[in-house]
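Down below are the structures I want you to see.
Same chain, two partners: chain A is paired with chain B first, then with chain C.
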Partner chain A sequence: MKILVPVKRVADPDNANKMKVTADGSAVTSEGLAWKVNPFDEYAVEAALRLNEKGGSGDVLGETVVISLGDDEVIQTLRQPLAMGVDRAILVKASDGEIDSTVVAKALAAVVEKEQPDLVLMGKQAVDGDSNTAGQMLAEHLGWPMATFAMSIEVADDGKALVVGREVDTGVLTLKVTLPAVVTVDLRIVAPAAVKNGVTPDDHAYNEGARYASLKGIMKAKKKPVDQTSLSDLGVEASPLVEYTKYELPPARSGSATFVESVDELVEKLRTEAKVL
Partner chain B sequence: MAISDDDLAALRAAARVSTEAGDLEAYGGDWTRVYAPAPGAVAFPRSTEEVAALVTICHDREIAVVPSGGRTGLAGGAVAARGELVLTLDHMRRIDPVDVVGRTVRVDAGAVTEAVHEATAPHGLTWPVDFASKGSSHVGGNIATNAGGVKVIRYGLTRQWVLGLRVVTGTGAILDLGGALEKNNTGVDLRQLFIGSEGTLGIVCEATLKLARPAGHLDVLFFGLRDLASVLALFHAARRGPFEISAFEMLTDRCAARLERHRGVRPPLEAGCPMYALLEVEAPDREGLEAWLGELLEDDLVIDGTLAANHEQAARLWELREGISESLAATGLPHKNDIALPIAGLTAFCADLEALFARRYPDLEICLFGHIGDGNLHVNVMKPDAMDKAAFLARVHEADEAMFALVRSHRGSVSAEHGIGLLKRDWLGYTRSDGEIALMRQLKAVFDPKGILNPGKVF
Partner chain C sequence: MTADERSFMKSIFHGVIEESLIFPYPEMDPEERETVQMILENIQRFGESEVDAAKIDREHKIPDDLLTKMKEMGLFGLTIPEEHGGLGLSASAYARVIQEMAAIDASLAVTIGAHQSIGLKGILLHGTDEQKKQFLPDLATGERVAAFALTEPGTGSDAAAITTRAELTDDGQHYILNGSKIWITNGGFADVFTVFARTSAPDSGVKPRITALIVERGEGLTNGPSEEKMGIRGSSTTEIFFDDVKVPVENVLGEPGRGFKVAMSVLNSGRLGLASGALGAIKRLIQMSTERVNERKAFGRPIGEFGMIKEKIARMSAEAYALESMTYLTTGLIDAGVEDYSLESAICKVYGSETLWYVVNETLQIAAGIGYMSEYPYERLMRDARINMIFEGTNEILRAFIALAGMQSPGKHLAEVAKAMREPIKGFGLLREFAVQKARGLVLRERLERVHPVLSREAVIFEEGSVLLAQRVEQTLRKHGREIAEMQFVQKRIAEASIDLYALAAVLSRTTRALERKGEAGAQREVHLATAFSTLAKARIDDRLVNFERDSDELLKEVAAQTYADGGYAFDIV
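Up next is the complex of A and B:
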């Protein structure tokens, strides 16, 4: 099947340089940050590749396309899914100020009209804004069936439907969605046996987690096409509904350690200094 | 030289001293776990002056002293198994403000390596001594053992990053050996004698450390290879690559199998390979790095490989190397050796080693890994499940002798970075000559005339 995977570029939280806020709190600065694919979107890429491959054979059952919104730098981030095995990428050029979930959902809907995928598979949310809205809005715009928080996907009815295990508070809710559909994925979709496409043998050993780009994949990715378009090309107005009024960082942690000579001294200090006894 | 009640009273007048069973057990050993800790007492000095006062008493009364840091050593250098006084620097952890212009920081010996990294990071500086045990190891212990680690290929050993030392000798005298001076050509550099002396000449109490700017963005690559010769060919190619190497590490499929059994992790490659290599580089020229990777594939040097896409993937690749020691210990009983060979002779040595074990010790499994870029191999011999511990230890002792004879014939070292301590004492003569060892003993007599500092260690 043809699968479209929207991915978002987010700041890598493990990088030494962290997100900063301007002195007046009006904006977030991205200087010195390292970027990576939003982890949930990376899981969606992995799930899409598992759906579209005959495990281990190199045969592909359909085209997998990634799409992102942002500036030219985002192309660098898109190289990772391409190196993992995705066939091609689409970049919708836009600046951060022009987009929020509503604009993203409209732009994705416009691309879906053009590309006609059988499935849109995406992360349940991005780890920066944590909004958890784009997938749902997209399904609404398209009028397609939707299954969120997928932790398992199985192809059913000769490829005309998916059986999706949804992670909900009380356990797992299993839904059958007719294709075309929008599915958003949760962490456990990259468990070794979470995705079954009916073609890959059940005993094929997938690693836990999203696959690493192989050297061959990295080389091939350099030659894969990244089609560029823009919001206006897609007929989407850059008018976000969410307005950000102020940013602030969480308070810094405080605390220090001192040595005590004895248990008695510790108890004394807990009583008189820490005042917790 | 047991510690009497009278000795204890005298020592207690100088600093806090404990004889509690928990302290004796905790402070009497290190990571070797071969020797049962049995110190007589543990002293917790809070300053260099208190250390000097304690050692003066020990000198007068001929009490043996074992200096103790973060106790992460792998050669038994900090083991007190014969009623000694353990002198722990655990309560001397002060880190002074960083001198950002001079790029130095003065610290107490008990400062934890990682704490030094954390203290210097906000100034855009770091102390480039780095290894898996950085969360426990002390600066003093790093200096006393001239610690190595995973970044030696780029930054060198601990020795390169120490400007000044304050040490207490075996008579209780305090020596100030250089301060924050980058240049100080004024005779014999006594400071260097104490670096790597494993507590046999004096106790490192304070140090002025040289700092460097941290590396920029580091890319981590992981390769699957056919054999050791390919690993060395890859290293040669990496030396000529358009980047700066900060680590080049190797492990065999046996290490990988133990990692999978213990931690459930495996190399993220399509299929298993006989050898794996981890390469960490600072590559500002991304295009250049990718072109270099393309050449590797064209030359068929590697079977498969990957480049971490982000910090999380990089950390997971590092886990495949840094998790080995723990996974070997969790899946069996490893007998550890840490040897160094001239890089040019590594392939020949490993072929000889393999042949030796195949011929004489076919029942013993060798798990080989190490800092191949430094010619440093960690040879871990695993106890077969069916063999009892005493029989195994006797057998590896015999195997060690044969292996160290090989090391000597290949002009290598019986201890690359772990030191000699107790564990390798019998083998020192395989790397150092009788004349050298005699000179070491004479030097010890100068700084520690009564031989109270870490007796029985090194030589």
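Up next is the complex of A and C:
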């Protein structure tokens, strides 16, 4: 099936301590930050690749396309999914100030109209803004069925539907969506047996997590096409609804730990010093 | 002299600072940098998801499926040009990848290093188009693995004394190879060997003719069992036997009889992979150390608060900065087309392997009790680190090489130096020429014009050190002439001063670039490291060169002679 995977460039969460805000709190400075594909989006890429391949055979069952919004620098971030095996990329040129989830959802909807994928597979949220809204809005714009927080996906009905396991507080909620559909994924979608496309043998051993790219894949990715378009080309107005009024860094962690000898001492300290009991 | 023939360090021995060779500090072009960054990220992921270094050590083997995955990953074709199916990485990019692999596991790094840094390097450097077409594509995918076979049971350091024979058949179409090689990395599974064999009669005296051959595994070629080793236990080390192995003459690498040069040129570049591998291990160890000093408490404080711990961490960082600076300066020289980097790469190998040994020792010391327990990785990392001072030229041999090659006229290579070491009197005529040339005048202090003013004090340390080196060299040659070939106490001091001088030059160049890019405030940390390293280096250079002529040399020789005579240490207190 043809799968479209929206991905967002985020500051490397492993280097979050480098994050700074301007003195007046009006903006986040991006200086010195390393950029990565949003982890949840990378899980979506992994899931899409698993859906569209026959195990480790090299046989490809459908086209996988990634799309992102941002400036030219984002192209470099798009090379990672391309190196992992995605066929091509689309960049919708836009600056950070022009976009919020609502604009993203509209732009994605416009691209979906053009590309006609069978499935839009995306991360449940980006780890920078943690909004968790773009997928839901996109499904609404398209009028497509939607399943969020997918922890497992299984192709059903000869490829006309997906059975999606959704991770919810009380357990796993399983539902079936008819394609085309929007599915957002959670962390567990990259467990070794989380994705079943009906073609890959059940005993095929996937690693936990998103795959690493081979060095050949990285070289090939340099030559894979990245189509560029813009919000105006797509007929989308750059009018974000969300306004960010102020940024603040979290208070520095004190990082002190006290070691205790016994449970009694612990209870005592929790009562008298921490005053939480 | 064209740019390509110059050598920064050889010029230093002559009191000349070829500044344009090392300024500006080299860097990868932006596109390659992006590619390398991606490669490194994916290698880290590969390491995290596929590699169990403790298990490799325990089982003395890289699991077969891991080896297959490394091949699929593309790790066997890093340096092979794209037209032959590889990735065509530059020397700098290759070294950086080896660095990353060494941080994951030394056995893995040694395996792919032996394949590419030395095993197939001869084909890359000296192979004909036909040889490249025939061998490189399979080597690039890892379908076939390469090894480098020089060392023999009877001879290691003295490589010119090998006895493996290659006899030309009567029809002149083949060599028949007989003999054996020992401790060959990848020997258990390699398919393509770069073999060095004697193609002149063993007793013909004057000029041993050694020929480099590409030998494929096949009839008559067998290997011994995997050797049990102290470290890098996953890497395959075996003996290789040749029993009437038929090698077509088309498989000669370079010219017949010129194999020693092939061996030396291969090892010259191979040593840089070793240096960058050492750096990879060092960076990982410093990370382990810094984690430990924050976690572990003694006397109510994290041990990181104690001065003696801080001194270790600071020195490790400063020396790592120097190693990184010199290694990537040297690979940058190669990428810029400089042909003679033999001295520089030998310096990187000696300094890299010994800095790693220092860092692994201090890291284990900081970890203390747990450092000694096999449950933790420290002792394994120490065992893995030890080999680097032994293979690809022992550090003693390389010290002698650095001193002697530096003292020769420019353009002379290791082959001649080795000859001089074998036949000190006959082989060292060249030295005289240089001594005479130097005797003409005092060495003047040359200036490093392009160093950033913030580093002017450090630049003076380098300038004064290099003048002193050139003066000592001149003085030694004038006084002792060709006898220097036998004066290893002096060679050692000269070599060690050169190592620190090269490190300083690299640090100055790199830190200047950082200052130019980021300004004084932005490059403050680099400046601190540069200054810290300069202080360490100055003390060592002064120790080697200020008090240069030492009566104690003779005394120490005498003590050694007596100990030999006694068959060991002869004293006791009872």
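A few notes on this one:
What we mean here is this: the second predicted complex is superposed on the first by the 251 of 277 C-alpha atoms of A that agree within 3 Å, B and C clash if a C-alpha of one lies under 4 Å from a C-alpha of the other, contacts with A are read in each partner's own complex, and residues count from 1 in each chain.
The rule we apply is simple: contacts are C-beta pairs under 8 Å (C-beta built on N, C-alpha and C of every residue); 3 or more make two chains touch, one makes a residue touch a chain.
All figures in this text were calculated on a predicted structure; none of them were measured in a lab.
In this overlay on chain A, chain B clashes with chain C.
Judged by the touch definition given at the top, the superposed model places A:15 against chain B, while chain C stays out of reach.
When both complexes are overlaid on chain A, the residue A:80 reaches chain B and chain C alike.
By the touch criterion defined above, A:37 reaches chain B but does not reach chain C.
Judged by the touch definition given at the top, the superposed model places A:261 against chain B, while chain C stays out of reach.
Put simply, more of the residues of chain A are touched by B, taking chain B and chain C as the two choices. Of the two partner chains placed by superposition, chain B and chain C are both touched by A:207.
Of the two partner chains, chain B and chain C are each touched by A:219. Within the three-chain superposition, the chain B stretch that clashes with chain C turns out to be 363-371, the only such case among 57-65, 165-173, 363-371 or 399-407. Note: residues 80, 83, 207-208, 212-216, 218-219, 222 of chain A belong to the chain B contact set and to the chain C contact set alike, using the contact criterion stated above. Across the complex, chain A is touched by residues 16, 91, 121, 214, 217, 222, 264, 266, 268-270, 290, 293-294, 296-297, 302, 304-313, 315 of chain B. Put simply, chain C touches chain A in their complex at residues 31, 34-35, 38-39, 41-43, 45-46, 49-50, 72-75, 77-78, 82, 87. Listed in rising order, the residues of chain A touching chain B in the complex are 12, 14-16, 34, 36-37, 39, 80, 83, 207-208, 211-216, 218-219, 222, 259, 261. Against chain C, in their complex, chain A makes its touches with residues 76, 79-80, 83, 207-210, 212-216, 218-219, 221-222.
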